[in-house]
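As structure tokens, the structure follows; a few thoughts come after it.
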Amino acid sequence: MTDAPHVDRRARWRRQLGDLIFGLETPLARNYDKALIGLIVVSVLAVVVESVSRLPLPLRLLLRDLEWVFTVLFTLDYLGRLVGARRPLRYALSFYGIVDLLTILPSFVSLLLPGSQYLLVVRALRLLRVFRVFKLARYSDQASLIGEALQASREKITVFFIAVLTLVTVFGTMLYMIEGPQNGFTSIPTSIYWAVVTVTTVGYGDISPKTPLGKFIATLAMLMGYAIIAVPTGIVSAGLQEAQEARRQGRSCPQCGLTKHDPDAHYCKRCGENLPG
Amino acid sequence: MTDAPHVDRRARWRRQLGDLIFGLETPLARNYDKALIGLIVVSVLAVVVESVSRLPLPLRLLLRDLEWVFTVLFTLDYLGRLVGARRPLRYALSFYGIVDLLTILPSFVSLLLPGSQYLLVVRALRLLRVFRVFKLARYSDQASLIGEALQASREKITVFFIAVLTLVTVFGTMLYMIEGPQNGFTSIPTSIYWAVVTVTTVGYGDISPKTPLGKFIATLAMLMGYAIIAVPTGIVSAGLQEAQEARRQGRSCPQCGLTKHDPDAHYCKRCGENLPG
Amino acid sequence: MTDAPHVDRRARWRRQLGDLIFGLETPLARNYDKALIGLIVVSVLAVVVESVSRLPLPLRLLLRDLEWVFTVLFTLDYLGRLVGARRPLRYALSFYGIVDLLTILPSFVSLLLPGSQYLLVVRALRLLRVFRVFKLARYSDQASLIGEALQASREKITVFFIAVLTLVTVFGTMLYMIEGPQNGFTSIPTSIYWAVVTVTTVGYGDISPKTPLGKFIATLAMLMGYAIIAVPTGIVSAGLQEAQEARRQGRSCPQCGLTKHDPDAHYCKRCGENLPG
Amino acid sequence: MTDAPHVDRRARWRRQLGDLIFGLETPLARNYDKALIGLIVVSVLAVVVESVSRLPLPLRLLLRDLEWVFTVLFTLDYLGRLVGARRPLRYALSFYGIVDLLTILPSFVSLLLPGSQYLLVVRALRLLRVFRVFKLARYSDQASLIGEALQASREKITVFFIAVLTLVTVFGTMLYMIEGPQNGFTSIPTSIYWAVVTVTTVGYGDISPKTPLGKFIATLAMLMGYAIIAVPTGIVSAGLQEAQEARRQGRSCPQCGLTKHDPDAHYCKRCGENLPG
């Protein structure tokens, strides 16, 4: 394509910024992503440590300050992505774009509306930054392979969860009727919570059947949960093998996991991401 | 085939009704199924919410009235299915036909025989309506694929469960003998309940071995349960891949999951359901 | 082969008995096995029911008498197998032969050495009879397929369990050192019991770490157990598919699961069992 | 290669020692490894038994003495490996070389720095000796097959664990905010411990949500953990099949599991181990 020289220059400059922030081709870009991930982990650790009561005051103040350093750095990163993205709007509306925004906004919000509640929310949201790790993983073939597998068996997993939710509702109601509030099954929602704890084999034991009939029904719920634990596994196993097949046939989009691109395609037909290789 | 015109007209009218209620070909039919599922979910939520104690009276009355609206609507749906079904008797005796009947009968029963017990039963049975969701899922290739896989590995899973039940009975009896009533293992049924809780890795902790020997046997039970958790998974995984093979070879019946139909078959040879494509 | 007529006659008679007891070819033989399984289930239920305290005396006496009926019937079955087996010694030393003997001996032992302890042992051993169910299942292709899969991945599973035992011993000792007796980790065996409860994700909660370091190590144990839960599953899945491959190639022995027999073989080269088809 | 005769003699002598200790070709070498494993198991049992309080004094003293016998024998084994290894330095720095050193050092350390704490550490480290079992298993095809599978899906599993850690951190923080210290969620680290206990379906019940919102979020965590339990399984299943493929194509290194060696290779290109066959 033949653009005006200055447009071409701006385009090149923006592309270089985009390659630095989004890409992994050059060593510099790889180091940028690694540094970013290190920053995320440190910022999360800061939040976690801060929650431990009886910290010495200086450390508490240091962590408070660090929070602002992190906020500034992540803000610069976000602005850089907006400028460097091939399609800024698309990036801003993509999953990672929204996560990036969500994780810097609260720090500013907490400036205008102070209060411990809000500060806690800030911390929780900041933890979402860890999801950025996926952006590096995304580039690893192995990682995107898992993505494709889950992508491919999306409907299967949905159907499976509808079945589990139904099962859990039915069993929860049955034990609510059998055991009743005097045995800890205070309401159907609580009983459904018990059913999930049971079917997923977590089994806290904070609520457990006391009557013989309740124990019998609970046994059925456990055996059923034991059996259906096999279904998602089979789904993902089959999905992974299909994905490996698809991998051999064509490339997949690192942004949205779409596979089977035309051999001559340079950008993903669904989200415009630059396709590897 | 050459029918008398009025028969042909009635047949066409009934087929249109059948396509609306059973089919997913036209947008109208699809919307009908979606609305039905929405109705089921709402009616289930109504039951769940109603169980929460300390609800304001007006909300309680509203839910009571809603119950009757749901009953009427589901009754109309059931009658429509009876009329529109290609083979009404077959539908009435099919799994979904019985579920449909079971979920509307109790509301009328509770009219003749009032009493809180019965009302609760009504609620529990109504929850079965959620199984209708499968009827939509059934049309999704992914969903029926799971059905075929479980269908195909039916015997394997049966054998597996016989093995599990044996194991659980043996371990339960052993701990009943070792720990005895003073440690909570009051009878063999209770001990079998403990064994199921253990082998399925639920582990409530309401009953747990106290003696060293009991703990040792329990350890064996856990490791064994840990190992056999692998068996159903392997079964389903293999079953899913077989089903995907069969899928490539032939079509499967959306009603009963039967596969390998003759290429020229228009109806399922087992249940007479209309075959896709 | 040309035997003397009377030998031939005895051989024919024994073969008929063997076909009746071991085989599933004739309807009579199939019914024999079904009746036997029914008898096993009833006898096990009798033991289970008998353990429930506060049973009416007549029922208790009835169960006591039934025990002797079962013993006689199972003894006749065992003798019939000894006579009808192609190789009586081989049968007597096979897994099922030993189980059959073990499940009838105790009843007679309890005659000579009475005492509640012994009676309980009798009951526990009788439960092993349920394993006979496998003898019918064994003939079902699906069931023997599972057997072949586990047979094929025998070494893999052994290695896996050595790894699990090592892990459990290391983690148990670490928590014994970290938490100590005051937190319930009274000895290394008890701590290993805790580690098994944790790694198998049973999680009774009767023993759980209290110190921060103990909780951290426990977290590692859980995540590791979560990861290695995948290994046996993968092993069995792969094993099942290999077994299905082998099934397509050759027949497998219903007695010992040995596959890949020569096409012209009529008896298993390892255990002499009659090969199907 | 043509060395001076005495060098050649020393080389032959060292190779024979190496074959005895490292190899499994001759019966003598096989027996050496079996005896070593027996020794490891006995020494671990000694540590475990020693931890049980109220042992008779003579037994306690016997175990104390046995500890020194084990130490001497394992030291001789370690020296023999250093001398017999084709590349002593490489062995000393390999996983097993470091384990071997770690398991004999503490006994000597405890000589210089006595104290019950240190003695306990010695015991814990000695348990690592059991890992030697893998060195025998390593030679079994089945065992190394598992190694290759895990080797092959190393990245997949890493990505999976990053996802799990993120999930656990997010859920832990959410419940710390919702439930707070008064319900046992005393800090974010403690809440993350709870999240791990929940997502891995261990479910001790020492900490469990009390508020309705907390229970709802916990339900989501369980269902998510239930679903992602499928991912590592699918990964390992696929990995095992790939490894079996690779096995059919080429040989794998017993030391580091590297596969796809050139047909004419005699030593592993990565770690210099002698390749089988």
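Going in written order, the chains are labelled A, B, C and D, and every chain counts its residues from 1.
By our rule, contacts are C-beta pairs under 8 Å (C-beta built on N, C-alpha and C of every residue); 3 or more make two chains touch, one makes a residue touch a chain.
Because the structure is predicted, anything quoted here is derived from the model rather than measured.
Visitor: Determine how many degrees of rotation, between 0 and 180 and to the nearest 5, align the Cα atoms of chain A with the equivalent atoms in chain B.
Guide: C-alpha superposition angle, chain A on chain B: 90 degrees.
Visitor: Could you let me know which interface, B-C or B-D, is made of more C-beta pairs in contact?
Guide: More contacting C-beta pairs are found at B-C.
Visitor: State, to the nearest whole Å, the distance from the C-alpha centre of chain B to the C-alpha centre of chain C.
Guide: Result: the chain centres lie 31 Å from each other.
Visitor: Rounded to a whole Å, what is the gap between the Cα centroids of chain B and chain D?
Guide: It comes to 44 Å between the two C-alpha centres.
Visitor: Where does chain C touch two or more other chains at once, residue-wise?
Guide: 189, 192, 201-205, 229, 233, 235, 237, 241
Visitor: If each chain is a node and each touching pair an edge, is that a line, ring, star, complete or other?
Guide: Chain contacts: complete, every pair touches.
Visitor: Under the touch definition given earlier, write down the residues of chain D that touch chain B in their complex.
Guide: Going through chain D, the ones touching chain B are 201-205, 233, 237.
Visitor: Tell me, which parts of chain C touch chain D in their complex?
Guide: Of all residues in chain C, those touching chain D are 153, 155-156, 159-160, 162-163, 165-166, 169-170, 173-174, 176-177, 181, 186-189, 192, 198, 201-205, 208, 212, 215-216, 218-219, 222-223, 225-227, 229-231, 233-235, 237-238, 241.
Visitor: Looking at the complex, which residues from chain C come into contact with chain B?
Guide: Interface residues on chain C, with respect to chain B: 44, 47-48, 51-53, 120-121, 123-124, 127-128, 130-131, 133-134, 137, 140-143, 145-146, 149-150, 157, 161, 164, 189-190, 192-193, 196-197, 199-206, 229, 232-233, 235-237, 239-241, 244.
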